[in-house]
Amino acid sequence: MPDTISLHPDRALPSEPRLRDVAREIYHGTRDLPLVCLHGHVDASLFDRDEPFADPAALLVTPDHYVTRMLVSQGVAPEDLGVRRLDGGPFETDPRQIWRRFCEGWFLFRGTPSRFWLEHELVEVFGIDLVPSAETADAIFDALSERLADPACRPVSLLDRFGIELLSTTDPAQATLSDHRRLAEKGLGQRIIPTFRPDALVRLANPAWRQQVEQLAGVAALDTGDYVGYLAALRAQRQRFIAAGALAADHGHLTADSTPLSPGRAAAIYQRACAGEVTPDEARAFEAHMLFTFAQMSTDDGLVMQIHPGVARDHHSESFAVYGPDQGFDIPVRTEYTRALQPLLERFGRDPNFRAVLFTVDETTFSRELAPLAGVYPSIRLGAPWWFLDSPDGMRRFREAATETAGFYNTSGFVDDTRAFASIPARHDLSRRIDAGYLARLVCEHRLTADEAAETAVDLAYRLPLAAYARRS
Amino acid sequence: MPDTISLHPDRALPSEPRLRDVAREIYHGTRDLPLVCLHGHVDASLFDRDEPFADPAALLVTPDHYVTRMLVSQGVAPEDLGVRRLDGGPFETDPRQIWRRFCEGWFLFRGTPSRFWLEHELVEVFGIDLVPSAETADAIFDALSERLADPACRPVSLLDRFGIELLSTTDPAQATLSDHRRLAEKGLGQRIIPTFRPDALVRLANPAWRQQVEQLAGVAALDTGDYVGYLAALRAQRQRFIAAGALAADHGHLTADSTPLSPGRAAAIYQRACAGEVTPDEARAFEAHMLFTFAQMSTDDGLVMQIHPGVARDHHSESFAVYGPDQGFDIPVRTEYTRALQPLLERFGRDPNFRAVLFTVDETTFSRELAPLAGVYPSIRLGAPWWFLDSPDGMRRFREAATETAGFYNTSGFVDDTRAFASIPARHDLSRRIDAGYLARLVCEHRLTADEAAETAVDLAYRLPLAAYARRS
Amino acid sequence: MPDTISLHPDRALPSEPRLRDVAREIYHGTRDLPLVCLHGHVDASLFDRDEPFADPAALLVTPDHYVTRMLVSQGVAPEDLGVRRLDGGPFETDPRQIWRRFCEGWFLFRGTPSRFWLEHELVEVFGIDLVPSAETADAIFDALSERLADPACRPVSLLDRFGIELLSTTDPAQATLSDHRRLAEKGLGQRIIPTFRPDALVRLANPAWRQQVEQLAGVAALDTGDYVGYLAALRAQRQRFIAAGALAADHGHLTADSTPLSPGRAAAIYQRACAGEVTPDEARAFEAHMLFTFAQMSTDDGLVMQIHPGVARDHHSESFAVYGPDQGFDIPVRTEYTRALQPLLERFGRDPNFRAVLFTVDETTFSRELAPLAGVYPSIRLGAPWWFLDSPDGMRRFREAATETAGFYNTSGFVDDTRAFASIPARHDLSRRIDAGYLARLVCEHRLTADEAAETAVDLAYRLPLAAYARRS
């Protein structure tokens, strides 16, 4: 095996020479565009503190569930990768040991987007070109540690170096947004904006629900003891988010069901939840009702609604109990949109003040449901391929399945969904390469002119995300 | 952007030079074959009247829901594209204004089959090569208007120029077929034939059902007051269609369910429908029962059964109320065939007098259900990719998913599903190009000889549709 | 059409010259590796008897449902292909006639994997290069008959010539394994091993169930009159299989449901089945419970669990009654894994003594469910594309859909599922070519180095199947 990583300038472009030439030219027209990152999971406090990253494992391994799940799938225990055990059991605290385990498993990432992102990060962000392996683990660890100590590798500096024009965080609906306030005081308020995520507040059966609704009451200074107060508090918090620059709300329900309840029925279920007596059916009905209700709120206040259904979270209960959420044990399920979203679309689908961006991890819905919906409802945009589908072939299949029905201009353009801050440029870069390859094929098959392809590529990389997330009204 | 459309002779063929050479040769062997159009929605009266098309918008924009839905998806109102409001509200009546709106939205069609078809129509059918845009709209409108006034652009002349050997219309089961009778008198009766579509007569819960059943009674001169009379009238009308040259019946149910009822149960539900008392469950059960019953009729009289399930029609009720059906608001749903068709196939699947052609807009069923079914039941042919899937990549994926299990000879060959008459040649041409590309790949991967590919291409374009729709018995 | 079959050395490799060069080199590194065949349906008695194959039809046509179903789909009756009628009706007994019918239908196999396998068998295994047709049928029949009489074409000789290192048969759980015992006495015991298949013993509603459970009692010499005895007998037979070299158990349920019952409830249902009183719901619940129970047994004794759900067997009842099972009338259905396997994975998913290999004929689950599951649970491996998907494009789509989430090392490598012994080398060869093509694309798109691709190809062809099926504990 070669000893050094060589990032080919044409990587992830089509291999056929004629296609590649066209794709390269398209890609060069987007390569240096600013990054618009309107859905992410980087913490605002990262930029507020602006401290150096602790160590290579804390930067690239432990918090990245794409990376840990692959190692876990081959028998490594999460705690040996530094994942804290919530039961007080031991977990690895030596970053060098964690890093070694990661480097030993490097071959597992062959063919995965993680491999693409990690190579990009090592070489482009940190200037390290050693191929990870048991032999090179320590040398890479030392080199990376040295880079991380460099002020140029602090979060705010990287924000500039990465060319990030706009970055959304994802924040609980009951957040005080104090981090964002401090960022605004430092002049970063226009650049790092919050996203309103109320999921925890609509899951009535969740044991932590009451506590979180009480937090909402506290931060909104409104009584959430009944359903009317609850809605008022949600609306108040949306205004707080909007004042802090928010463009969007994010909704990660299990299904896309949007069947509304009568206000009386919703209020009664809410009351039962407050009394700890809600049934699973009631909780599900309430969640669907709230999707509809949030569409109403979005139509009123202009926050763009992001809908991310179809993931069975925490599939392995014991792992959830020991390691907590977001540890790689979330598994997609078949997802239905045509019927589930019908109530919402009947009411708001043609409303010029409403906008929803639909995401999926069930790619069968691209050609069957999502492109047909986005291809007629003016409120709907089809989001970028999400999560497991944010990958070279996943993105290619998305364009092939969606474009012929929805065109390009009913898609959101690229939206990364990043937890690992340093991987943001790699993700945008990969998306631009794959879109360039797809567009090049259209050009070489004489289905699009080269000029149109060049313009469309810029739209997908830059203009469309801004347009899709532009606040209505 | 270039100012003129240049239709590359190799468009929609694979870009890789070796593949393209092989594909081009295969395509050239099918390019000039006659067109067999055994499933369409062009009105027979168009040929009976044989008048010039009214104007460019009436020809290419307003009646084509592929075109209007794309413009609607970006915020244009259907009435501004000339779609008549059923509520008496205003709608655009100036074709030039409609045409301008279409030309301004031309970029939206990038990457869609509509773009391919429209370019083909403009250049090949009407000899106009200006790229539509706000600037060129008027010039194209004027040039097109001039062409449409030419007798060579009247429907019957185009029929010849297009090389259409056989064209099916789609007609309500209660049709008198007077248009077809007049066409027969003009010597076009062998060339333009009706298709028997009884969908409206089996939807018991539809408010218009009783009226349509009464029409059936009238035209068949039979009493449809009970179930036995209803069946007799349907059978009588099938004979009328057969006498007018019909080869097929068309069935557009929501699901493929074919569970039969006992005659007594069917009769009782029918009676309840006559009394306006049918429940949704009864209506659904009756619809499934009638799919089975129509298979029985097809086995008896030899009309080929076309089954088109899986579309949730009129997804947006308000738009349906204002604009009526077929305005782009039909959205596919997940569709099941293996279990749904089992009752029908248990009974008729191996009957040599039965033939069914299966269509889908749920492409997940190609490899999982439809190709396995068509690959064993002698009565079953797998129809061409339908509706949203009648597109370059959709057709390619269909061949890739279906051929390995069903082969080529259990597919129907190309079947267009056209509402826009002038797009028929473009649709056949695109299909021939895509099949040539697929076959070329098999040749270049040494999975098929060049001679076999050439023969297969002719079969797919011409011989198989004729064979699939040849009346049984 | 050409008269002779020319097996191109680069067949089924990508056509683009640069990709092909890389793919050819990768393929050459795996072409001559031994064959590991850990899931097959070749009868052990074939090798015990080691007699010449009877005739060309008995070798290549009658027993291969891929071949017969294609001919049946075009109107040939199964009995005319030599399939015995269970109702005592006549069936073709002249192999030459059967062979002629097959040769006349040769064009039907264009584009199918059967065509690839059959050409490979004719040319590579038997040295016959005439293209089958009505004209050549007799000549091929005669030449093949001559070859079959050659001692070099007897089963054990072919085992050597094919380079088969390890071959699993599939045996009913109640088998005595006497064939395997005799093979062991001949020194073939390490090479031909049984697989434990208990499906018939868990289908309580099957009329033959009681008889088979009694066979189990007899062979295990244990009383299966109650549930405890039944489990004990199953465990005893598993030990017998393990002693005979078995590595795996095989489970072909309709769904992947693995919901356990309480022991009391399971015992009660079992008792009702013994009394002939089980309901369909009880039978389904018991089947799901047994999937869970077999996972427990696998965790205890180390047999690898193969799970093959999602096929509606014997879709056409009359054909089943006349011809019996496995005659091509099995049709896939939509299959769900995420929820269905959750009970099993909750309990055994992270147990180091458990291993399950998951198969599917519903390729929508590759990216949505199976790769995400295999990409985190250490016990799970994703099996090779199965049945209708064991085809050039099916295998390519599998790699494209699964690799980006599961990587290569959570897949099983190639597993053939062969009934037709002589097709085994062709199937492995095709798989190696397709994997080489996929890996070549990764190399040419600079997503993998050439060295990595070469190593991965060997892993997929040889090392991973051995590793996936290595007995736990």
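General remarks:
A, B and C are the chain letters, set down in written order, and residue numbers restart from 1 in every chain.
As a convention for this text, a residue touches a chain if its C-beta (ideal position, glycine included) is under 8 Å from a C-beta of that chain, and two chains touch if they have at least 3 such contacts.
Given the structure is predicted, the values throughout are model-derived calculations rather than measurements.
At the chain B-chain C interface, residue numbers used by both copies make up under half of all numbers present, so the two copies contact each other through mostly different positions.
Superposition of chain A on chain C using C-alpha atoms only gives a rotation of 120 degrees, nearest 5.
Centre to centre, using the average C-alpha position, chain B and chain C are separated by 40 Å. Among the residues of chain C, those touching two or more other chains are numbered 16, 364.
The part of chain A that touches chain C in the complex is made up of residues 1-2, 7-8, 10-17, 69-70, 72-75, 107-113, 115-116, 312, 315-319, 328-334, 361-364, 388-389, 391-394, 397. Chain C contributes residues 16, 18-19, 336, 338-339, 342, 345-346, 349-350, 352, 364, 367-369, 371-378, 380, 400-401, 403-410, 441-442, 444-449, 451-452, 455-456 to its touches with chain A in the complex.
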